[in-house]
Amino acid sequence: MMALEGTRGEPIVVVEGLHKSYGNLHVLKGVSMTVVRGEVVVLIGPSGSGKSTFLRCLNRLIDPEKGRIVVAGHEMTNARTDLPKARRQIGLVSQHFNLYPHMTVLQNVMEGPVTVLKLPRDEARQRAHELLSRVGLDDKVASYPRQLSGGQQQRVAIARALAMDPAVMLFDEPTSALDPELTGEVLDVMKKLADDGMTMLVVSHEMHFASRVADRVAMFDDGIIVEEGPTEQIFSRAKEERTRRFLSQLLSWETEDGALTSNPDDGRAGAGSIN
Amino acid sequence: MNPGAMLATYQFDFGPVIDGFPKLMAGLVVTVALAVSTMAVSTPFGLAFAFARLSRIRLVSFAAHAYVDLFRATPLLIQIFVIAFGIGPALGIKVDLFVLGVAALSLNVAAFLAEIFRGAIQSIERGQREAAISTGMTERQAMLRVVLPQALRRSIPLVAAMWVSLFKDTALLALVGVSELYLQGYLIMLDSFRQVETMSVVALIYFVLTYPQSLLIERLFQRYRVRD
Amino acid sequence: MKLDFGPVLDNLPFLVAGLQGTLTVSAGAIIVGATVGLGIALLRISPSRPLRFLGGLYVDFIRSVPLLIILVLFVYAVPIVIETMTGHSIRIDALLAGMLGLGLYAAAFLAEVFRSGILAVPSGQREAGLSTGMTNRQVFLRVVLPQAARKIIPPATSSILTLVKDSAVTFAIAVPELMAKAGSLNNGLQRPIEVFIVVAVIYLAVTYPLLLISDRLQRSAAAGS
């Protein structure tokens, strides 16, 4: 596994006092968070609570008004930071996959390494093949995104992000646009990634995934983190009433076999969808 | 006079065009009358050609198709010249230039409208016709009472865009001598040698009239947008 | 009155030379229109308010004024502007004036075609490109533009057809194209119906294939979405 040299436990994402508004809508009201290398943090919270906006501030797809963000040694909130260069270190996988429809699966994965990292084509191609076989799609290299199922598209999107050899991976509701029977294959890939030691921030309401994979859960509500802590503690002994209420709403959707696959956001991203 | 010498010391003079303003306004009245008359004449013809194109009788639909494509594919200016210089005089009787102008524009606009109406009719979901027939309506009733009202509504923005384009196209009739806004401006320009001043004022008049219409059309597009 | 196409057909080479003028002025105008149009479209989607305003002003003004006036204004105003700015008097060749005038006119319409094509690309695509470390320029050229092109080509074809037809208007500023030749031939022969019908057929040789292509592209674009 690449990108994981460095000591586990050293802070790799540091966020201090993040604020963001859209007109009168105050989406983030002072969010701080530290994530250490190798940690998996799941962000939960109701629709519009600021989770997606927070995630997109981390790689500066959204410009925060106030606050400081450091990711993998890049001070993202500094005007002099070379954003394209810093973003190579931060993979983003979003709800709608956003694969390039005019490129094949292989080209999708090769595009970043060739255009941005200036890797020789042969090397980029070989690496793309490796990554696609890691997500179980080496037989689809010549397909176009529209020929794939949603689950397959999302796995390609993960491979595309990994091709940049990122230090951190951000997932914004990676399974919420998928049919229930397709979420498993994506979550499996994500779990493997976590097992390999990737640092991950995941906006998701897949409780089953969170309880098995996450080191920590952060509960967002109304633009702040109302509570965060070890997964087990948040799920079984949340201190905040808001967290308990939110979790019980999620649980009331629990399917019979115990797998939690439904999403109270009804497939819509939170405040991030404003952009 | 050496034009270069005149330009070197070019002084703007809006006097002549301001003096000619009443003439411009008279021309504007003709322009508006041309556009309104053309729209009034061409709309029923456009609808008729749209139905003809959708007709199950091969010959009818072919003839309508040929008409529509012919007028969409050739320059409007040629159509105007054929009518004004050719057909008009050939009719023998002295036909008013205004009438010839409206005829030429109408033939053209009807072709474009036919295409708009046909597209709109065909864009109405098949299920609408089926539902109407299922409740016992005849084909004719289903078309007139169910399909057509929806189609007309759907074609509003495109028809409005056609109208704006027609409003500007009336200027071409100046080239065959219809005394509309542009020709009045042109005559002032020839008289005064104040080409830039005159034409910018004429352009401004068109802008002031057309731009609000375009804004309205944008609103119509938003309001009647069909999800595709 | 009897139609007699003989005299017109005798002068066919003369008219075909006019067609060459039509094609030349159209080709030049397409190049000018596409280039300026893309620039205006980029202004209209730029993050800067004043730039967006300027782009919008250009599009709104040009689209609100008849082509004939744009052409006449161009022929008379441009020499004055250049004279005032440089102190040198210039003569613009009629063909060049036609290309520029028609091109700048078409640019306003093409800008809207480009703009809506670019805006039709989902914002997630831009996001995906930026997230892999592409610069804005790389995202535009490698991700947005190729996808926008698919949306742009059908309406752009229709705009090109309109442009070729509109090139007939440039005869009013003395561009030596088909319409001008038709006019002078008619002055000699005094057979307007025959002359203009033959000229219409010559136009059709170019415009009808364009119409068919444009209609087909629009249909498949509508079916594809």
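Assorted remarks:
So that you can tell them apart, the chains are marked A, B and C in the order they are listed, and the count of residues begins at 1 in each.
Simple rule for what comes next: a residue touches a chain if its C-beta (ideal position, glycine included) is under 8 Å from a C-beta of that chain, and two chains touch if they have at least 3 such contacts.
Keep in mind that this is a model prediction, so the values were computed, not measured.
The set of chains touching chain B and also touching chain C is empty.
Here the chain at the heart of the shown protein, by mean C-alpha position, is C. The busiest chain interface, judged by C-beta pairs in contact, is B-C. With centres computed as the average of Cα coordinates, no chain lies farther from chain B than A.
Distance between chain B and chain C, defined via averaged C-alpha coordinates, is recorded as 19 Å. One simple way to say how far apart two chains are is to compare their mean CA positions; for chain A and chain C this gives 46 Å.
Work out the mean CA point of chain A and of chain B, and you get 54 Å between them. Of all residues in chain A, none touches 2 or more other chains.
Taken together, the chain C residues at the contact with chain A in this complex read 122-125, 127-128, 130-135, 138, 142-143, 146-147, 150. For chain A in complex with chain C, the residues that touch the partner chain are 56, 59, 61, 84-88, 90-92, 94, 96, 98-102, 111-112, 115-117, 157, 160-161, 163-164, 275. Partner chain B is touched in their complex by these residues of chain C: 1, 60-61, 63-70, 72-73, 76-77, 79-80, 83-84, 87, 89, 161, 165-169, 171-172, 179, 182, 186, 192-193, 196-197, 199-200, 203-204, 207-208, 210-211, 222, 225. Residues of chain B touching chain C in their complex: 3-4, 7-8, 10, 69-70, 72-79, 81-82, 85-87, 89-90, 168-169, 171-172, 174-175, 182, 185-186, 195-196, 199-200, 202-203, 206-207, 209-211, 214, 228.
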